[in-house]
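These notes are about the structure you will find just below.
To keep things simple, chains are lettered A, B, C, D and E as they appear, and every chain counts its residues starting from 1.
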């Protein structure tokens, strides 16, 4: 077995054992944000597109899934699916407009469209405004596994995460992923080779949006509510930070980055009082100045240097 | 004849891009009013030498004397202010400035630069396209602009990197005349060239660069005699 | 025979805010030829290329490829028809390896580029073909190098290999030898000659050695319009061309 | 009385006037952002925090040192400018060669730190700053009472904007600035002291934000969060105007102020979203913004 | 000497969940934590209980997921028995659900939404200090009766804004007044002058500010600048002493609104507040005083019930009226509402203020039963009709 496979298996084992050592709801939250960041990284790290409105997909899926389960009484699985599809569809709409632009303008178009979506959620009655869509039942998986039990839910969430993570990994390392890389590297050249660049970008955008939606819907299920913070641009910014902090364009970076941020948010909550923003801010400053490649990126670079010296 | 005055003296110059070591102890001298050509294969380090003179590479060590000043520790703009004009390989035309603004951009370093009229006379193409955005010019027009731009500033030492590249033969021919003319006016010129036939008649001396150091020095008079050497190093 | 021409343009015009960069160019490129486009700087050669590949929209005029009107098609579509270009400023995928660069091009013919659920190891069957192509341009010893690290001349060679991978009917090369040393120029020249056997090549070139050495037909552009056309020997004697482009000195004429 | 869509024309004029006032703030702030983006290629997320600092410094000057409004108008921006220079030297200068993303992240972190520190010291509900004696009261314009202070804001901001535009677009210094923006290394190789220029530019951009802050202090509560609410709108303004375009951000700032003002009358709920709707539309039609140059 | 109490883990743990760094941090924040700690110290000193009491606190950063996750963790791993403060309605409702699920108690002293005691009521929720209905109802009635019978609203485009506006309008209409119009502004609007101009144009006698925090403060500031206060009366619907302190009396004089507590009401309130002031350097808001009172009430109930079992303690609290410096005639209803007297206040002129923080004239004491939503209108499923 290859070293890499062993590493993946060990991670999986850690994931399976985690709820017995760490508070499971916290781990679930980490997994949801990690999935969100991984989905985002698919776009930023591998396609070179910086979306500044990804929270819109996260939030939209949370609302749709919540509404579907709570009001329409859909089974949990279908509710999540509905949320994911809704996010993907929204991603398609936003994406088809946004991919006509590049760079900072792309980021701004996504931000603008996301703000409009946010405005819709603010005004729409089914979202409950700032009070949120609350009290969504977790339901039962396949009709008989009770998800209100945290441990049952945990393994369900873990399964979702592993599936999505695999899908992202697969996408990156697929023929499609190769083309994405080529587009990121030199777009005119990719066009001149006969690739319809817009279509590739759009598919990447939709995939990323749908997976971000899956993350949002799952988070909704864990906490049983969806609120406006889920669709706010602050969250769009946060996911950028998670990705960069962990290391963009690395497979594990977003996982690490989101864990750090979620755990910090949780841990600092009752320790530093009003200094929490100062501490978070300092972390970003330090990260940009000293660990530019992100945590995972720096580790990889260090590892490569070590290898280089030995060779 | 007057005793030749050293205008540029490079001793044991090492230069790096990040971790890659590109120049391995360059030594060369250019006298005032002289035209010296650096020849060599692709990637030999000629461009890097020019960039190192201006402090545009990564770190560098050794000694670079420009007109009697040691510049190895100076900031780029201070070096340039000693009277150096640089025409880069990639041309470096400013997209945000018009063709004419591009021409006017380099600040006056000393008196004795050419006037705008003189320059337009030399390069009529540029006059025609003077209102055009800099990077909208054709490849060759940009090349001319890059060359023309440094003639205004009053720089006495010109570092020219592949100036004949991408130009029509007529223009190349004219460029040769211009360089000859500049030499007459007393400019000191370092000419980095791929095009041996272009450089050979212009250069008073030639250095052949190989793996980041000087492999050979050939004076104008020796070209005929050292045909074989040139063949070996350059394939001409 | 009319359809002996693979590419025809019909009074092609491109204006930039009143400035006419290409005016009334009717170009005919014969199948199987190496056709050179030369002319003084700013004559409109690169612009012509941009029009042919639709990186720019023509102001007026038509473009026909194999007898079909392609004036209104998108750049990627034109590439899929078999017209592939190289760029005046080097264009590789800098952070992919040399092998991957070529594979990106090969992959298109394979189909399935949208299959994000499939493993990229399915691409390894393209490796042999890619290495073959790289060997043709003398890059077979650089297969695993990242493209940025290649010296300039090799990058141009890689670009040609990538273009060849698409097996284009018509190759457009914009100054393929610019910035190359003599040895490289010779090699690229031989390479172009070699690959031209099964296809048509339209190239822009200032290096007269290359132009005179391998081109079957030459079109001279000046100020956006066609100044002269014909084989090298004929064009080179044309006094208009000598004045506008070639110059008189022996040095410039054969550098 | 004449009416437009059910609104008396007089009231509408009043609203337009007010739109112009808030537009003045947008113009000043987006101008600073545009200058910084243009020169340093950095999307300065800390701009809102610098604006807040300007206001706070004015307030602190009055509270602790007894420095009045007029001296503050010069001193506070100066102090913010110096602070900007320190930031540039100590942090930003290492980021120029990198992607926009890093500058954005660093300044975002800085904004959090600065705002967090002020919150920690002064709470969030803010501090009052009274309008200087000379500017209290109002002009009767016939269709509305325009507080003198608001009129002063328009005048001051237009003056500052025009001056900045003139220097950058019409002077030699401006041409150096634009050249340095595009290719700093080469520009330096022509003998221009680019690092110095870059440093001063950031300082100047920061000072502009500080100046806007002092102008805002008497009009709104001086609070640690006053900038963070504004910053994202100001971004939108810069983008609509065309990244880096000086004239673009000034005109767009004023224009959007007016449009937002009208939205406040016809569909007030959407008044903070309208900017983004316009941004989306503009970018669809003119990819590089209204005044931006396409490459 | 206190009698022994049977506890699940021999300890009573109280969690203060609040906003420590965001927009509401002056209203609750560190002050709430201080108040809760004071309450515990005072209780230990007076009642000398046999059990240990501990206070923990956390910053929910105004994010419902951070808040509910923290509370969940408190309940699951730290044995917290009661959470308090919990301002921000989104967070509060989420926490209420968790509290019900885990069968603990939330005594909410911070959030404004009436949903806590209506649609989203639970047997484990106490809503202690105020809600939008009480804030709206008082001035709506009193001001209208006093001749301010035409109203215009400046409403934050959020659920709390809408419900403030609706409840006030109802009260205004019920008392013969008229609502001339309203304008909905986005949260954290940068400039209010435009909205105020519209209010001015309406010629209403009263302008109701159905917004909160920075928005209220900036509305009031602009209202002064545009001379609106000369011809119209400003009524804050969610205004607190924190806002008045931030703006100063010259700007706010003459405003009217409802408060749940005023430090300078009587000797008892002054005594407690001065003590609080020495610790917090600011006079208490109604949230701070309410949090102190809530913690004390809870501890007394635990002692009296002899257990920390949620249902039993809740029952004890329902059965025992609250009477302390914060609340006279306080009674906990079935829907979770703690009903107590509210105060209609008017802001003093600068000249009338005798000392720092001396800001209000008490215009009326609104008896709890008038102040809060009558049980008959309750939408809480727990209320048997």
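Assorted remarks:
Definition applied: a residue touches a chain if its C-beta (ideal position, glycine included) is under 8 Å from a C-beta of that chain, and two chains touch if they have at least 3 such contacts.
Because the structure is a prediction, the values reported are computed rather than measured.
Common neighbours of chain C and chain D, listed by label, are A, B.
Of all chains in the assembly, those touching chain D and also chain E are A.
Taking the CA centroid of chain B as reference, the farthest chain centroid is that of E. Centre to centre, using the average C-alpha position, chain B and chain D are separated by 44 Å. Distance between chain A and chain D, defined via averaged C-alpha coordinates, is recorded as 33 Å. Chain C and chain E have Cα centroids separated by 75 Å.
For chain D, residues that reach two or more other chains under the stated contact definition are 116, 119, 269-270, 273. Across the assembly, chain E contributes 21, 25, 157 as residues in contact with two or more other chains. Residue positions of chain A with contacts to 2 or more other chains are 123, 274-277. Chain pairs that touch one another: A-C, A-D, A-E, B-C, B-D, D-E. Residues 167, 170-171, 173-179, 181-182, 185-186, 188-197, 199-200, 203, 207 of chain A are the ones that touch chain C when the two sit in their complex. In the complex of the two chains, the chain A residues touching chain E come out as 23, 25-26, 29, 122-123, 128-132, 134-135, 219, 223-225, 227-229, 265-266, 268-270, 273-277.
Those residues of chain D that touch chain A in the complex are listed here as 43, 91, 94-95, 98, 100-102, 105-106, 108-117, 119-120, 232, 235-236, 239, 243, 269-270, 273, 276-277, 279-280, 283-284, 287-289.
Listed in rising order, the residues of chain E touching chain A in the complex are 20-21, 25, 29-30, 33, 56-66, 68-70, 72-73, 76-77, 88-90, 93-94, 97, 113, 115, 120, 157-160, 162. Against chain C, in their complex, chain B makes its touches with residues 41-43, 89, 125, 129, 132, 136-141, 143-144, 162, 165-174, 176, 194-198, 201, 234-236.
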